[in-house]
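The structure under discussion appears below in the form of structure tokens.
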Amino acid sequence: MKDIAIVAYQQSDGVSDAGAVNEVELIMPVLDRTFEQARLDSAQDVDFVCSGSCDYLQGAAFAFVAGVDALGAVPPIKESHVEMDAAWALYESILKIRMGHADSALIYGFGKSSPGELPIVLSQQLDPYYLAPQWVDSISLAAMQARLMLDQGLITERDMAEVVSRSRRNARSNPHAQLAGDVSPEDVLAQETYLSPLRKADCCPVSDGASAVVIATVEKAKEWGLPYAIISGIDHRIETHNLGMRDLTDSVSTRTAAEHAGMHDGKVDVAELYAPFSHQEIILTRALGLGEETSINPSGGVLAGNLMMASGLSRIGEVFNRIVSGEAQRGVAHTTSGPCLQHNLVTVLEKA
Amino acid sequence: MANLAAVVGVGQTKYTTKRQDVSIAGLVREAAVNALQDADLGWDDIDAVILGKAPDMFEGVIMPEVYLTDALGCNGKPMIRVHTAGSVGGSTAIVAASHVQSGTFRRVLTVSFEKQSESNAMWALSNPQPFSTHLNAGAGGYFAPIIREYIRRSNAPKDVGIKVAVKDRLHGARNPLAHLQKPDITMQEVEESFMLWDPIRFLEACPSSDGACAMVIANEELADKAAKQPAWIRGVAMRSEPTTFAGRDEVNPQAGRDCAADVYKQAGITDPRKDLDCAEVYVPFSWYEPMWLENLGFAPIGEGWKLTMEGATSLDEGGDIPWNCSGGVLSSNAIGASGMIRFAEAARQVRGDAGDHQVEGAKLALGHAYGGGAQFFAMWVVGSEKP
Amino acid sequence: MSQPDVLNQAFELGFTYTRSTGPVIGRFFTELRNRNIVGIKASDGRVVVPPMEYDPDTAEELSEFVEVGQQGEIVSFAWVKEPREAHPMDVPFAWAMIKLDGADVPMVHCIAAANESAVATGARVQVVWADETIGYITDIRCFELL
Amino acid sequence: MSEEQEVVTVVKSPIYLKYNFTAGAAPARFLAQLKKGKLTGQRRAEPGAPVYSPPRGSCPASGRPTEQEVELSDKATVQSFTIVYIPIPGNAIEPPFVVANLVADGANISFIHLMSECDNADVHIGQRVQAIWKPEEEWDYSMDNIRYFKPIDEPDVPVEKIGKLSVTGQED
């Protein structure tokens, strides 16, 4: 199979409310910067375009159709869309390149979550007979997961606070972060609980924004003369939708995906994990077997800003940034979907 | 070059207004089980599942792959959800094929569905946003002016749409799975049916159906050993263009022309009317048959309606290039599945497995889907012979 | 160009969906209407409540119903200090994973309790039925502590 | 299970989600002008760039922002139309009514709006129409400020010129 490389990544600032900005206005500036970085004029210069979005975030059917208006798709382009995080759009694009139908692809994800009540909106992705009608919000489900871990002595509240503290501190060097600052674990623990056992700081914020990535075959990346990182492995797995039948203190699907993506074939210098809640970062770190040698969420992760439908793609982009800057030789990016880490995608990136 | 891949199993539900006997999972499952049985395979033989459907608002279940994991035997496997509006069934089949054509997987299951009776398609498609005009009278209201412009350009006689409406329902009467069963339909009945969006009459429009369609796609090694004749994938293509832009040809969209040219090139087709034995083309409003006959290169510009009127696209009239032998979207329209039904029915034809709507000796067939404002296109060509 | 006015407008995206249940969910709801709770036996023998249609491990269709108790044990919970408008209660309450007597797999439902300290993992709870049961998940209004 | 009761096969599931919609910047500018009784379009800040109305933020053909505002005439040409015989959900208008794709003079793209004060059978492609506005005191951030378009006594526009007229109604 052809080696595939990432050559560009851009993200908008994570903001709690993007205000008077529609989908196309959210996407265009990010694509502009992405094209500039990849030295492309428009989406006409890549062989395939794929995006990720969710209609229910802003409450309008066909949100992705507006996205096409940002692409300059005249003459027509090869284009597709997943109603998932754009990391899966990247996955679809990789298959397209592997089968020889493209040498390059633009991938973007976007979400304007601020118009709705996101935790309640997400309750409607649960079992439509047993759970959705109860309006069990996504934060409450995560809180139950955290308590299982606390009760079983797998984590302490301090462990969770340390995750938050590191996220906020790391985010200070991320210009797009929504929440950043010199926050100590003690500061976090001093907060009252929000959805016990979670504190507000244990939960990612709601953010509006978009991100984009350009990938290409290594030959193409060389031809373009751009710095790149190689995608050496990618795999994703989903688990049963019955929360009661999963071991919520572990992420079996993340572990399986990492094995299939070849994560353990070398040292992992950096990991960007899509953990919307602090305790989930610990679950993921353990499922992936990451230790001291790995810098976890140097961007601050999604606790510093969660661009629904783009955050997973951004994790991949953040690892790319560390590798091309020379800070890391090899890294892993993780993406999740569904309640309590039901569906997980793992991407392994390496220095060229 | 892409690895070879073939359809080795096809499964569908019966299409009907309301499937009140099953849950959403039960509906999807039924098509998937039928496809596995057709392929003589079990759940363990499947490496990944690729799911497609139109907007989540139809059923009010957000990202339904999350809930459908267990119904599709996906626990521990990769699962992906495609959404490209009305073309989604076709796009989903293409994404599924790419799982195999890329060499990444050996055998995958793909499923598309819509359980439209859970809500109301008109509501889900026309739900107005603040500050926007509320004149969107469903898909028909959108496409009717484009059809009117086609009629003006082509000078087609008024009864072309009526003829297609009759022809596809007569085809549908041969297909026990088709939603509308109208073996006695007449031109007069269509002409006298209620005008909805002039020039589209009630019987010139598709029904609203519940249903699901599934396929098993395997690599060359497994397809060679398949239980039944495989349908080899000879070409796949997708194209998109914006909904509107200055100078856009809405009647004959370039995205459709480009997509067809791409898929024909891959399949070695130079004259689609001659080289293909039949086609399953997304025709939700009857007038789209002559429009797509031109867009897809089966007829010169302005002359698509002549093929229709000559009976070239009719199985019953012994036409040389039968279109929509299954009855097409005009006979069954479970929106998210409709594109995949076209792809699957093309596969059934070249597998020689299309029952009473079989085109005798069909070797090469086109599957076509379109969506949005006729701006998203997905097509594949399947053949009985390995390329 | 001038700065645009910021134009906000609230709207509701709403529909009352008609859901056909199929035999498994239909049986569960029918039993709820009669104030009974049934689970279903998974391929490995575990009793799952509410009953799943398909086994997560084998993908097989499930059909062996088992009546379970109306009391059970809290496996985990989240304390909702400030209920959201969509939530089933307008006073503080707990979401919980509850393992009913006779079941092997916990279900998610809500618990009415005076305050957070009254709720604990391992605590026993019992069903509070809705005044009128109609054959829906909300026939279980909530659980209460024993 | 009690014998006399029917088995549950269908349930009602109300799903009502609340959103607070904020119009995008380009539509907001367009709507603010409508509130003043002006129909506008927008285009890329390049000579000859196509004019979009209503603007959605980008020139879809190029994917570039439409940064320049252009005032349009409230006269328009029928690009195509349909006569709708069924009610629109949430709209009180009585069928049959004409919904037309109209291109305002000075714009290069059509929008949809109602046509009235006309015989439905006489409506045709290329027909000239003009906006009938609500009274000024009812103007809001809405295209509904224009009640409908009605035919005017001007010669039909040849099909190849539709979408290419200047704001004065002349060939561009």
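Chains here go by letter, A, B, C and D, matching the order in which they are written, and residues are numbered from 1 within each.
Operating definition for what follows: a contact is a pair of C-beta atoms (placed from the backbone, for glycine too) under 8 Å apart; a residue touches a chain by one contact, two chains touch by 3 or more.
What you see is a predicted model; the values in this text were computed from it and never measured.
Of the two chain pairs considered here, B-C and A-C, the higher C-beta contact count falls to A-C. If each chain is reduced to the centroid of its CA atoms, chain B and chain C end up 38 Å from each other.
Separating the centre of chain A from that of chain C, both taken as means of CA atoms, is a distance of 29 Å. In whole angstrom, the spacing between the mean C-alpha positions of chain C and chain D is 45. Work out the mean CA point of chain B and of chain D, and you get 30 Å between them. Touching two or more other chains at once are residues 20-21, 23-24, 57, 59-60, 69-70, 75, 123-124, 127, 129-131, 242-243, 245 of chain B.
For chain D, the set of residues touching two or more other chains reads 9-11, 13, 15, 17-23, 25-28, 31, 60-61, 141.
Those residues of chain A in touch with two or more other chains are numbered 19-20, 56, 59, 68-69, 71, 73-74, 117, 120-121, 124, 128-129, 132-133, 239-240, 242. Arrangement of the chains shown, judged by which pairs touch: all-to-all, with no pair of chains left without contact.
Interface residues of chain B facing chain D in the complex, by the touch rule stated above, are 20-21, 60, 122-123, 126, 128-137, 140-141, 144-146, 148-149, 152, 194-200, 242-247. On the side of chain C, the complex with chain D involves touching residues 1-2, 4-21, 26-27, 29-31, 33-34, 36, 85, 135-136. Across the complex, chain C is touched by residues 1-2, 5, 7-23, 25-29, 31-32, 67-69, 141 of chain D.
Note for the complex: chain A touches chain B at residues 1, 49, 54-56, 59-62, 64-65, 68-69, 71, 73-84, 88, 91-92, 94-96, 98-101, 121-122, 124-129, 132, 235-242, 252-253, 256, 337-339, 342-343. Listed in rising order, the residues of chain C touching chain A in the complex are 4, 6-7, 11, 13, 19, 21, 25, 29, 42, 46, 48, 50, 52, 56, 75-81, 84, 86-88, 95-97, 99, 105-110, 116, 121, 136-138.
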